[in-house]
Structure formats: C-alpha cells, structure tokens
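Next come the structures, one after another.
Here come two complexes built around chain A, the first alongside chain B, the second alongside chain C.
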Partner chain A sequence: MTAAAGEGATPTPEASPDVGDAAGTAGTHEERARSASTTVESDGEEEIVETGRWTGISALVLFAAGVGVAANSPGLLLASLLGVAFLGHARLSRAPSPTLSVRRVVDDPRPDPGDVVGVRLTVTNEGDATLPDVRIVDGVPTELAVVEGSPRCGTALRPGDSATVEYAVEATRGTHEFGATTLLARSLSGAHERSLTASVDTALTTHPPLAMDKLVPLRGLTTPYTGRVPTDTGGEGVEFFATREYRRGDALARVDWNRLARDGELSTLEFREERLATVVLVPDLRLRSYVRGDEDDPHAADRAVTATGELFSALLESGDRVGLAAIAHEDIWLPPGTGNDHRARVRDLLATHPAFGAERPETGASSVWGFRTIASRLPADAQVVLLSPLVDDGGLEMARRFDARGHDVTVVSPDPTTDGTVSERVGQLRRSLRLVQLREAGVHVADWGPDERLAAALERAGRRWST
Partner chain B sequence: MTEPTGFDGSPARLGVALSLSLAGVATLALAAGSPTGAIVGVLGTALLAPGLLRGQRRLVDLAAAALVVGVAVVGIEGAPPVPLVVAAAASVAAWDVGENAISVGEQLGRAADTRRAELVHAGGTVALAGGVAVVGVVGFRLTTSTQPVTTVAVLVIAVLALTAALRL
Partner chain C sequence: MNRRLLAGVGVAVALAGFALLLVPGFAASLTTGRSVLYGVGALSFLYALSVADDRSRAEIEGHDTDEPETVQSLPAPGVAFRERMDHVRRRSDFRSQRLHQSVTEELEEIAVAVVSRREGCSPAEARRMLERGTWTDDPVAAEFFTTGGLRMSTRELLREVAGRRRPFAEEVDRVVDELVAVWEASDGLGGRSS
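Coming up: the complex of A and B.
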C-alpha cells in the first residue's frame, strides 16, 4: 500500500518548523519532544490504486440494458442509463492529489512504564481541493498497545479543514519511535485511491523501573572484599564456620575461651566469610530471542532487558558490583561498578541504547562472536547472569562456555513457549531439555514463566539451588 | 500488537445502516412496480444483510445482482419508468454504500471514527443517483410523447457507446 508512496511523499527536512505555537515555549527541548509535524504533497508519482469496485456493476448494467432492449421496455433502458452514469462517474473521476500536513502531539514524551500516554494526530488539508474521503492510519510503535480510542480515522476534508485522531498507548520500557502515518485519499466514487505516507518524528522514551526489593541469590565466586555472599572460607564474619588450632597472630577476640577453660587447649573460632561479588548481566538479544508465546506478550528479549534492570537494581542495592553487557547487534559494555552514577547510567542505557530497542532489530548477533567479545572483557572474578530464553542451542552453548572459563553462571530464562500446536510443544520440550542439560552441568537456572514476577521465579529457583 | 483488544475489521455501522435503508427503498420501489418485484427485492435485501454484517463482498455483490434482476423483472412486466429508475438508483446506491462500509471496516476498523467519510461518500452517491434519475425521467417524459421509437433507439445507442467508451 505504501511501497511507492515513500519516495513520492516529500516530508519537510525540518521536522518541526512550527513547534510550540503556544507563546513562550517555542523551541524548548521539551516542546520539541512533545510535538512534531510535517507536510506531504502529492507529486503524482505515488502509486494510485484502482480499487476496481465498479467492475462487477458494469455486467449488471449491460444485463439490464439487454433485457430492456429485448422486452422493449423504455423504462428499463432508462434505468440502465442510470447505471451507466454511475460507471461514467467512476471512470471519469481522478484520484485526488492532496497536500496534507500532519502534526502529532504526545502528552508525555518520557513516560514511566505502564503510564497511559495520550497521542493527538492532526491532519490538515493544505491544498485547494476538497478531499471527499481521507483515511488516516497512524504508525503506532509496534511494541506499544493502544488502550484507548483508535489510531485510525476516516473523514472528508475541505481546503483548510483538519481532522484529529486521538488515542492513548500504554508505555513500556525502551525507546519507541512512531512509524509513518499512512494517508489514503479516495475519489468520491471510490474508484481511485492514492496513498501517501508522512513521517513525523515522535518518540516515547521510557526508563525501566529499577526496583526489586529482593536479594538475588548468587553463586560462590566472589571478590576478596567483604560483602554479603556467603563463602566456604573461614575467617572474619558472623556465622560460625569451624574451629582450628590457635596460630600466633590470631585476634584475641576469636580465641575460643570456653574451650581453653574446659580443656586448656588454645583454639581459634572461624566464621563464614561473606564477600562481595562482581556480577555481569548478559541479556541474550540475538534475533532468536525476539519470540513470544502470545501476541499480546512482550517478547522474550524485552523481558530479558526488563529483568536485567531489576536484577541490576537489586544487586546494586545489596552492595555488589554490577556490570552490563549484551549479546546484541550493537556493542555494549559497562564495566562492573557501584554507586548512584552507575545506576543512573544503566537506567539510561536500558531505555535508550540501540541494543536494547523495544522492537526486533534488522540484524542479529552471533552467539560465538558475542561470547568472545564479552569473555575478553570479563574480570576473572566476575559471575555471569545470562538472561536467555534458551530457544536454541546458542544460549546453552554460551552458558557452558562462560562456565568453562571459570565464571559462575546463573541463567535466568524467560519462557516464551506455549503448548498450542505440535511444533510449539516440541519447541517447549526442547527448551526444557536444555534447562535440564544446564542444571546437570552445574549451572543455576531460573525458569521464568510468562505471567510470573521475576522475584517469584528467583525465589522458586533459589530454593532448588540451596538444597 | 498494535491494538491489544484485537482489530475489529467488520464493516462500519453507519454505512451498513445506510446501505440496508437504501435496499429497503429499492424493495419498496420494486413492490410499487409489481408483486414479483417485491419478492425479488426482499430476497436481495435478505442477501445484503448477512453480507454486510459479516463483511462478505461476494454476498453483497450477489444481493446487488438480485436487486437488478428484480428491476429487470419489473421492467419486463411493463411497469412505468419512475419506480424502475428509483429501484435501480437505490439498488446501485445500496451496493455502493455497502461496499464502501466494508472497505472502511477493513482499512480502519470499527473502533475508528469514520462517520464523516461515510456520510460524504453516501451523500455523493445518493446525489448522483437522484440527479441522474430526475434528469432521465424528465427527459423521458418530454420525449416519449412525440418520438418513442427514436428515444429507445437513442438510449440503446447511448448505452452501448458509453459502455464501449468505458472499456468495460
């Protein structure tokens, strides 16, 4: 419908020349983000669709005329003449050549996740001919759901008239660019239809919620610094670990005085050391991960990114050092760190970095290449949390390789499978086999169901890990 | 995932209502011509209703064909031109408005506001049908009294020439 129209339409290079008509706010950054407009003018090159809707009627008209002649009925001939008038009207009408300006205003260009954002699209007939049938379809970002109203409208526009389409979308994490608005102009008879597309640059940017108030169960690999991950080493700490023979230099506070009083032997108490972990979060964003069970669900890659945000916040909260990488078409690496700046940077990256886009990218990344790049950057004492739907062997392979290099690996796996058809069930089965394989290899795996909260999935998986 | 509630592409309500009303007018005009015409008209309307409600073009086309056959039957039975022309005009208009409602439904959906486009389209169609019908009937009245044979011949030639010119 829009194939040739793309070249035909001539959007003005300046995306928002008339931004901020409201006095005083002209040109502010905020205002530019809120509203943008463009003008498209038909230059006669666009594809004109002949709808062909009148073709069948011509047969009926000929039939009526024939019967009229045969029955010698002037009234019937007159009636068929009327049909001919319709056909002639359809034949003679031309596809309109509209000049339309399109302006889109969003209530809030930077909403929070779950916010309902109102969008107002105004289409104005800038030409000097009346357009009897204009059909407007706005390019809603593919990953946003329309929750109120409809992004489409059918109207007729006199010169200077405008029509407004109002609807609301529910914001989700990431940067969502609005697509081109499709404008179909039909002649009055409906025999011809010209389609134009207008690109109005508007985007919604939503930062992920970095909130999870639950400790993320981590594995044993730690840094030498004191933290909260229990280790299998005795030393300073809180929880009793073992006793050993006194060595010269042991702190007096750790001498087991009770035992000295009882047996006269000098011994030292050891406590379980709790140390700080370095964790690198690696969402698997290869094309394979852009799958979803239900049309309305976010795809597994999106869930992985959202989970990355939640895990990041929880780990940072518990004092661990957290880094960020991704198996994605765009390179991304943020070395492990702590602090508020680090947190703000990650929040920003998750919302705006092209690797974490909400839509399925054009090109994908290979698991081998992605693994090598990340592995070469990982600190030796870093744990890896891989977030992969495990819908192919690539995810499995990566988890194994990280494990083989001595990084403790935890896999958080958003489950995109369903059990509708036979092939879907086979996919589900193969995925659960991969989970089993990973568990047998000693990797911690959290299987995260589609309607489950991440914290609940980790809780469930954590019980299995601790036994 | 654009519209989570599912895109309802069934024909637009207003167009369906207008189309069925026009089919009703056609049926009444046929009934004024002859009882057989009334039966065919009711049949056509009965085909139109489910076609429009389910958005099936084939049924709508079939209904238009039935109405035109009704017009032919009434014409063979020798009805006067006025009910014939009215029935024909209303039949074609009913089909046009109905088909438009289907295409609006497909492209824009039920949830969209499409009233203005539909009203303008229906208005244009009815105006064209009405105008041509009035001109045709008046012209017919003025000429038949003196030259009936010539009129018929001219009409036939006009119809054929126009259809040929239209490359249909």
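Coming up: the complex of A and C.
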C-alpha cells in the first residue's frame, strides 16, 4: 500500500482563512487541530484474506447436483449449475484495490474533562471503480469510551462517493491520539477482503482542572520560612505551645500576666511556629500501576495523575513550594516552586507530557531506578507525597526508602481492587497488608476508594493522623 | 492418498469428456444406465456432506478490527495469582505439584501476616497456629496448612484425581474466603480509615 499522505502522514489542513495576521494563524492552527485528512491507495501488496463465505454454498450446489442426477430431475440440476456459476464468480473475483481519502473532524480538540466530543470521519472513494463493500473502523483512543454513535460502518462507494461515521467520546485528562483507521474493501461476492490503514493525525488534549481548595495535611518537615505547617518549635504563631521564663527583650504582649498575678512569676507565652513546607509529588506510573478493577473506572495510574494535579493545586494555594516527579517510562522533574507560572506549567505537563499519558506504555520504569533518580534530586527538607496503588511491593519499598533518607513521606493510594473473584480478593488482601505495613512504619497513608472524592479521603486520613 | 485418488479420477473423467467432444461417436459405446447416475449422485451427495462438515467447523475469516468502542483492557490486581490458578485448574497431573506448592506458599505468607495481626502475636506463633489448624473454625481452611508439604504428595494428588479429595482450587477458594473474613473481622479491610 502506498499513501499520498501515507501512514503516519502529515495531516492536510482544511481550507484556512485567507488572512495572514496573528488571528488568522491562530485560526489555522485551531482548524488544523480540529480537522486532518490523508489519502491511502492500494499498491496490491496488502494482505488479502479469503473469507470462506461461499464454502457452505458449495455444499448446497453439490447436494442439489447429486439429488438432481440421482432423481433424474433437470430442474435441480439446472439450479445447481446456477450455483456453480456463482461459485465460479466468487472464486475468480479479486478484492478491489481502492484509493480512499480519509478526513477526521473533532468538535473540540481541547475539551474539558467529562465533555462529550463529537467525531466525524469521512471516507471518500477517490478511485475510478465502484467499491461494493467497504468496512470502516476508526481508531478511537484507547482510554476514551464511545458514548454516542458507533466508530464503525459498512457501505458501498461509487467513484467520488463519501461515507461518514459519526460518534462521540467522553474526554478525560491527558493527550489522546487517535489510532489508524482500518478500511476493509471486499469483492462483490465477499469472498476476498483487502485491509488498508489510514493514519490521520488527530488528538484530543484535556487539561486537568487543578481545583481542590481543601488543605492537605502535611508532615512536620518544613523549611525555615514562615508558612502554615505547625511545627514542634515554640515561637511566633497562633496556637499555644508552652511557657518559659521571661527574658529581657520579650514583647509585653507575650507576658503571661495571669501567672504573674497568681504566682508572682514573670513568664513568657510561646506559640507553635508555622513554617513553609517543600513538597514533591511523585505519582507511581510503573506498568504495575496500570490496573483497574472495573472497566468503567479510570485505571490506578490515571487516578494517581489526577490526584497529583489536585494536590498540587491545594498545596500551591496554601503557600507551600511544590515540585513534580514521576516514576515512569519518561523522565520528568520539575523543582519545587510557587506562583502562577509554575501552576500553568504543571497543568500543561499533566495534560501533555508522555509520562502522564493515559495509555499504558510499552515499557516501564523500575522502582529502584525511579527511587534513585528522584532521591538524587530531592531537596533535603522536601516532603514526599507518593501516589501509588500499592499493588506490588515496589510502591511499598519506595515509600520506605524515601522515609529512610529523612524525607517525611505521605502515601496517597488510589484503590483499584475489587472482590469479585478469588484472585481479586488475594490482590485486595495483599494491598491491605501493604497499607498496614506502611502505617506500622510510621508513614502516613491515605487509602482513596474508587467512588470517593480525594478531598474526603484526605480528610478521613487526616483525622487518623492527628490522633 | 485420498486426494491423489480423487485427482486421478478427476483427470480420467476430464479426459473422457474431451474425448466425447472430439469424437462424439464414442458416446454410443458408454453405458448410461441408472446405476451410473445413482453412483454419480451418491458421490456428489457424499462430497456435499464432507464440504458441509468442513464449513460447520470453520469460522468465517476476516481481518481483526479490535473493539474501538471499549477502553483498553487492563488487568485487575491479583492477576498473577489468577494466572497460576488457571494453570492449576487446567492441569491435575503430577507436574502440577510445583504450582500447588507456589500457591500454598503465597497463601501461607498472607495467612501469617493476617493471623499475626489479628492475634497480636509474632509471625512464628502465627505459623504454629496455621500448622495446628487453630486459626479458623472452617475445617477445610484449617486443614489446608496443617500437613505442610505432605498434602502435595503423590498420594494426595491420586486421591484428588480419583475424586476422593476436594479439588485443590476449591480448597484455595475456602482459604481465601476465610482469610478475608478474618481480616475484615479485625477491621483490616472493614474501613479505609483503619
């Protein structure tokens, strides 16, 4: 098969506005994201399958001929000859060699999570011959569910005729590239089938909302700067911490006048100091994390990335410095920072960086490599929030190792387990034991259920941590 | 052999047909009695049955187009255990002993962790409870760990094959159910806040 724009071809932009200013360029870019097309032409080298649809007819023909001869019935014999003619046609016909153009248009290439996005795929017969039977199956991104219509159809196409497949998908976080469209061209008899694929570069990119206003309970490791994380040090703050002997220079407002009146001793009130925390969010995106208990649920790796965005937003809102890393097949490290630019950068990374893609990658990172790479970059005073489903011992080991290096560790664990089968119950038990092991080691763990909001899971876990 | 014979018959018939075309007078010397017609009809009928039988067993071929309507298929946690149990269910011969052993070891590791936490005892004490069968009231689950490696013996396998012992997979189901019950009773799985 050859392709005018070929497999993996450069998309052909639709007609662009005839303006050359910035707005026009943006319009063209937007249009290019919405719509792309390519042309595929058979070169006769594609695999042709004999479908075997006429094998049963052969039996009928032989049966009619046999009975016709034995019963001396000219009618049956004649009918069998008609069957022989059909069989001869099926045997001698060949699968067509089509030339087809394929154009895909999406309603919105940058939808919000949960939006229903319409997709229209138009296939046109650019050749000179009629195609009696064309089957079209679009390459829907693997993590997008079709919620309306169907991405496949079967039709006949005269030269110049087009067929349109319309369906809608529900957008989820990340960049979702459409796969190749499969085009099956069959002969009139249906006895032979030729397969072609057309790659039309189209993608949906959905940015996470980064919206969680809930305060994230953090551990005690802080920076020297004033913030909102309570410490075990007395000083400036709002929460009472202790009293100590008065020293020259102490502010009068901090003198414990009640005690002076009661005991005649001059003492100074101290408050719990509140400091700024540096937090690095580490989603565990090893291959083992691409699991799910229910096909309708997002997989655990996807939930970990979604939670990363929500935690990032909440921590940034509360004034902490937040960084980003991942144990994934692609290296990613964003040093801790603050501010709107930092926020925008993380939002973009979570939507477009290959490490955060929703599709399960071909290769994955090991927990040992991931730990070493990230540990070498972590600031000494950084807390680690590890987002791992804990479905193997790798996540457990990483949390322990970060803890052993002196980083306060919090594990947020999206639960992908179910109890439908014996093996799933074993998986559930093993994960529960890992959670307990981490808690016994002093690591804060938030177990995040599949139907639960992250904020609710953190609030529940926070109550446990504060007792 | 059959194919060669049929091909030979086919060639002979075809040659006879050509001969009839070239020398029509040759037809007069051929016997065209009813018996020949019945023979041809019977052959055709038998061959039709053969073709129909082939067709009933064969699938209609075609290119695989996957299922674009559904999201990517991903495993659920516990898939490794499921694969091992699938092997166990498929094989009940002597070579399955190693599979039985690995499943038993994994369950024992989980059971030690679960029982030691419920009882607040050491792993060694939990292991003794498993060996004594005192960790549960379920007789099947209790027996599972009592005889250690002996239950993997050839004698035990022969009993299972002869239907005189509960299938291994069934025993595993009972043990796992009991472990989950014990864990939930000790609030391990009962609440996420625990």
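As a convention for this text, the second predicted complex is superposed on the first by the 438 of 467 C-alpha atoms of A that agree within 3 Å, B and C clash if a C-alpha of one lies under 4 Å from a C-alpha of the other, contacts with A are read in each partner's own complex, and residues count from 1 in each chain.
Here is the rule we use: a residue touches a chain if its C-beta (ideal position, glycine included) is under 8 Å from a C-beta of that chain, and two chains touch if they have at least 3 such contacts.
These numbers were taken from a predicted model, which means no experiment stands behind them.
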Which of chain B and chain C A:Arg401 touches, first, second, both or neither: neither
Which of chain B and chain C A:Ala457 touches, first, second, both or neither: second
Partner chain in contact with A:Asp133 - chain B first, chain C second, else both or neither: first
First, second, both or neither for A:Arg103, with chain B first and chain C second: neither
Chain B versus chain C as contact partner of A:Arg53, first or second or both or neither: both
First (chain B), second (chain C), both or neither touched by A:Leu82: first
Contacts of A:His329 with chain B and chain C, given as first, second, both or neither: neither
Chain B versus chain C as contact partner of A:Ser432, first or second or both or neither: second
Partner chain(s) touched by A:Thr142 [first = chain B, second = chain C, both, neither]: both
Overlapping contact positions on chain A, where the chain C interface meets the chain B interface: 51, 53, 55-56, 58, 60-63, 65, 67-69, 71-72, 135, 137, 140, 142-146, 150-152, 184, 295
Complex interface listing, chain C residues touching chain A: 37-38, 40-45, 47-49, 51-52, 54-55, 58-63, 65-66, 68-79, 81-82, 85, 106-107, 110, 113-114, 117, 172-173, 176-177, 179-180, 183, 188-189, 192-193
Of chain A, residues touching chain B in the complex: 51, 53, 55-58, 60-65, 67-69, 71-89, 91, 132-135, 137, 140, 142-147, 149-156, 163, 165, 184, 188-190, 295-296
Residues of chain A that touch chain C when the two form their complex: 47, 49-53, 55-56, 58-63, 65-72, 135, 137-140, 142-146, 150-152, 179, 182, 184, 193, 195, 290-293, 295, 299, 359-360, 389, 391, 415-433, 436, 447, 449, 452, 457, 460-461, 463-464
Interface residues, chain B side, partner chain A - complex: 1-4, 12, 61, 64-65, 68, 71-72, 75-76, 78-82, 84-85, 87-89, 92, 95-96, 99-100, 103-104, 107-109, 111-114, 116-121, 124-125, 128-129, 132-133, 136-137, 140, 144, 148, 151-152, 155-156, 158-160, 162-163, 166, 168
